[in-house]
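The following pair of complexes shares a single chain, chain A, combined with chain B in the former and chain C in the latter.
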Partner chain A sequence: MRSNKVGWWLLAPTLAILGIFGILPFIYVLYLAFHQWNPFGANPEQVFNGANNFRRLVFDKEFLLAIWVTLKFGVFAVASEIVIGYFLAQLFMREFPGKGFFRTIHTLPLIVAPIVVGSIWRLMTTPSVGIIPFYANELFGIDINIGRDAGTAFLFTVIMDIWHWTPLVTLTLLAALLSLPKDPFEQAQIDGASRSQIFWHITLPMIRPAILATVFIRLMDALRTVDEVWMLTGGGPGAATRYLGLHIWKVVFPKTDYGYGAAISVIVLYLTLVMCWMLYVGLVAPRNKGN
Partner chain B sequence: MAEVTVRNVKKRYGNVQVMHGVSVDIEDGQFVVLVGPSGCGKSTLLRMIAGLEPISDGEISIGGRVVNNVMPKDRDIAMVFQSYALYPHKTVGENMGFALKIKGTPRAEIDAKVAKAAAILDLGHLLDRYPKQLSGGQRQRVAMGRAIVRDPAVFLFDEPLSNLDAKLRVAMRVEIKELHQRLKTTIVYVTHDQIEAMTMADKIVVMRDGRVEQIGAPLDLYDNPSNTFVAGFIGSPSMNFIKGKLSTIDGRTVVRADGGALLPIEGVQAEEGRPVVYGIRPEHIDIGPGGLAARVSVLEPTGSETQIFARLGDDPIDAVVKDRFDARPGDEISLLIPPRRAHLFDGASGARI
Partner chain C sequence: MRPSNPWLNVLLWIILSFATLFPIYWLFVISVKPAVDLFTTPDVILRSFYWKNYIDVLHDETLRRYMMNSLIISTGNAVLCTVLAFMACYALSRFDLAGKENIFFWTITNRMAPAAVFLLPFFLLYTKVFVIGDFKLYDTRIGLILLYCTFNLPFAIWTLRPTIDGIPKELDEAATVDGCSTWQTIREVVWPLARPGVAVTFILIWVFAWNEFLLAATLTSFNARTLTTGLSEYVTTTGTQWGKMAAISIFTLIPALIIFSMVQRSIVAGLTFGAVKE
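Our next item is the complex of A and B:
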């Protein structure tokens, strides 16, 4: 019993930090989402206005566009990261010269701050002078301008996210692959399965939990990206890459319309939960019996 | 069905050679057991037959076809791993039907074959379970069922019973033997347990350190072990070995043990002074008047028989007698050793004389 008490004391700082910086702000955001609050508006008071903030959202064209591009961004980025990450993980399962070096280099983006990642990619993609547009033009005669072309801007935000976060996927999938027992794979060979059959019937189902956990983490992260994209495109051209976080920050905060902003945050959270829940129900739950 | 031929096979891992030219002939329908202490290369040999390990040198053929460069899936073999290697995310039924599904067998046919194998192994009620919901014994049966469903030319078993408790092991031993009698498929079975080898095999291959020590029928190995290693490995409890020298006393050849005793032998011409190892199985020693005097150190009664650890001169010797035996440590007993039961091995090489 005594040791139990000591345990709680040792946990207390963590719990306090979690409460102060995690739970309290969340409750506050939830509270604000149901209030009209513009400290610099005509009425600076917090006025309860029921679900009005949410009702406004449904008719807010800019917000709906932001949701759409955010989802597109999340799906493209995370799907690519999983596929590329898986291949890299498989590569690291093998022995090849310079493996240690390559693996270290490959993980470096993970420790770079998002704002720096954004700056780097901004430098590399600055129209006509950045290394990418320059060589694209020089070598292939392609004109890359993320400041003018919406599709290109979108593409580069996705590529940047892939560059930054694929190593995380590689590491988790590598850990999953390394922890797999070897026997079922030999058994599958004897059972007559080809490489691709082994992948679909054995490997994939066996690392499914790891893949899903990674998808959850990456998706939640991708849906609330702000700083990198802000550095790279500033949300433009137009609103082409104005993802939700950026949308709140660029459109709502300048108007100091905090109640409305809080409502958007809540919706983003809700969307994320719904997506993860759908993934879970669709992919994990039916298979759970076996694992 | 097929015969398997292993011809002068060697295996190297990098610079380390773990198999030094192994040759084994396995006839069609034979139950062959590879036995030997842990690390002697049994699994490696089995895995080379399966195609899971490349062969460094030599030749393996299955059904008359050299398979050195044939993929495991094209060798028409089924294997049961020590760990069972069940697919954790598939049900018992899916596990058993996987090989057929891969082959593109129609659903109905798969179900029929799985049902048939399940009936043989009494797994019918478990088909919808996942491996983690099964006991060790049930998993073992599923692994066997998966092999049976394949109806392969050769079954390969790698210590399939070593993770089971003693009682279940005995039961499964009988069951596997029955299965072989029913299916008549060639079986290569790896174990480190000589009892399993003795009870199940048509032919035993005794291995040590990547070499074959002796090949033969179980009782053949028991009666005529070709060296001290095989003699000591086959049979339980192990054969007694007593070091000594050949000598002649009153015109009879005996072994004068280094510990002092004079041990009778038969049918050997004395080469006076030649160092030898004298071997006698505990179960061939009897207690009765007129034998060699020994002193009891420990008794181990098991009910049906009694194992007596004693000292013959300075040499330890152990004997097993049917029935109860009453003695106390330190008591003197008289050991009857029939000379025709004795084995004689060369003192230096350990080879049978």
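Our next item is the complex of A and C:
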């Protein structure tokens, strides 16, 4: 074996870049979170203020609202995607003409830039330009205005996310379904089990790890959604769709209250990591071990 | 639950494909309509094409610069990440480095953090800390290229590792016995065999960097703005120019679409974290 020195040299640039652009910002934001610093405020100096920023945060109504709507968005979007994605994956389990072609089309939204997804859906839903409000009004007499009605705006951010990311769920669940052994299903059919019995007692337990892993990946992504929602609703009306990322970017950041902004960033990072860790340790890891 | 007739399945997929494609088609419709026609009854079928929006975009000095920046930044980032990840994966795969699995895992965790969390520290580092004389990383292309490494380099290491691990070690050992230096072994033996995997990684990272918006919007102001940030400028200003916005969206979409048609299966494998292989 050659000397390990060469190996370390090959690894060094990667470690250096990730150190400077990954670790350093993290340490910096952690440091700032414990300081009072607003360069354009009454006292522009950095002053250590202990946990004051975090204390303020607990009473910040806007921030708490952002957490709440983000969680709501994540849960609604990911749950719908899992259900629709599972159904579509089942459809792909059968042979039918043009399967490869339909699969390609279904995969298409995955590579569209999030910001373009936002602009596409904005053009679909803006009153008088978009086609959805027009036909909703023409055919059903429903008035759709995502700029005015909070519920509708929320609904369309979820629909947009479903359009964009369901393919990912379909494909991962399809991969899981394809890897299942055939025998238990045949045996169950011979024993006269009904479709729903097969689903609840055989399919679901067997693909459970795959479902949980998909939920894990999707939820992490859904909670950090910014670009699409910014393009579609701009976080409005009011703060109805101002999700955490948007809140940091559009509300916290422009205030130049850097210490407090850093504290919010740290908490968001903490929440994301803790949630992922809980999902992983509590759900994904033990199941994988079992199998 | 499952339709038993295959043609029922086909019918369902036709409807679903329509749902997938229609929003993109609508984007195109808006982009080839003159502004005065937008607010009449929405016409789903196109009867005439009005290309002025595209011509306007191509003649717009600012947008041309944004496009150029996007090209330079995504290509630069993809080259940098692929090369560094190739070296790192080679080191992790072929050398007996202390704690290398921990290092591997640590690099991956860099990707997990939400970009929004890094806005503030990066903004301050780029404007106030990483300053040499008059030079700041803020609003420079190199600044964005380096910044995207935080998210794309872990991804590259993750996707390249199996490729490099899959090349038999015996080949390098044989090359070493024949008197090749490490550099020669990499260049003559490993690199040619890893090329397909490297190409896929390169392309995926290129698309990620091309599509990125949030960090580019925050860390540039004039010189290094990218096409995605240009797109957002058309919405926030009063009186959105819908046609032009749609045309810019199409320009943003095209490179990704071309790439998608070339390496569709690998993109799926990359995006699903290797869950789907075909």
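What we mean here is this: the second predicted complex is superposed on the first by the 246 of 291 C-alpha atoms of A that agree within 3 Å, B and C clash if a C-alpha of one lies under 4 Å from a C-alpha of the other, contacts with A are read in each partner's own complex, and residues count from 1 in each chain.
The rule is simple: a contact is a pair of C-beta atoms (placed from the backbone, for glycine too) under 8 Å apart; a residue touches a chain by one contact, two chains touch by 3 or more.
Source: prediction; values computed, not measured.
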Overlaying on chain A: chain B and chain C, fit or clash? fit
Tell me which partner A:T172 touches in the superposition: chain B (first), chain C (second), both or neither. second
Examine A:I115 and indicate which partner it touches, taking first as chain B and second as chain C; both and neither are also allowed. second
Where does A:R195 make contact in the superposed view: on chain B (first), on chain C (second), on both, or on neither? second
A:W68 in the overlay: touching chain B, chain C, both, or neither? Say first, second, both or neither. neither
With the two complexes superposed on chain A, say which partner A:M206 touches: chain B (first), chain C (second), both, or neither. first
Touching partner for A:P181 - first (chain B), second (chain C), both, neither: first
State whether A:V29 touches chain B only (first), chain C only (second), both chains, or neither. second
Superposition-derived angle with apex at the Cα centre of chain A and sides reaching chain B and chain C, degrees in steps of 10: 90
Please determine whether it is chain B or chain C that touches the greater number of chain A residues. C
Closest approach of chain C to chain B (Cα atoms, Å): 15
Please write out, lowest number first, the residues of chain A touched by both chain B and chain C across the two complexes. none
Any idea which chain B residues touch chain A in the complex? 50-52, 71-73, 77-79, 81, 83-91, 98-99, 102-103, 130-132, 146, 150
Considering only the defined contacts, which chain A positions touch chain B in the complex? 181, 183-184, 186-194, 197, 201-202, 205-206, 208, 287, 289-291
Along chain A, where are the residues that touch chain C in the complex? 1-2, 4, 6-8, 10-11, 13-15, 17-18, 20-22, 24-26, 28-29, 32, 87-88, 90-91, 93-98, 102, 104-116, 119-124, 126, 128-131, 134-135, 163, 168, 171-172, 174-176, 195, 199, 210, 213, 217, 220, 223-224, 226-227, 230-231, 234, 244-246, 248-249, 252-253, 258, 261-262, 265-266, 268-269, 272-273, 276
Enumerate the contact residues on chain C facing chain A in the complex. 1-3, 6-7, 9-10, 12-13, 16-17, 19-21, 23-24, 26-27, 30, 38-39, 41-42, 44, 84-85, 87-88, 90-92, 94-97, 103, 107, 110, 112-125, 129, 146-147, 149-150, 153-154, 157, 176, 182, 207, 210-211, 213-214, 218, 228, 231-232, 235-236, 242, 245-246, 249, 252-253, 256-257, 259-260, 264, 267-268, 271-273, 275-277
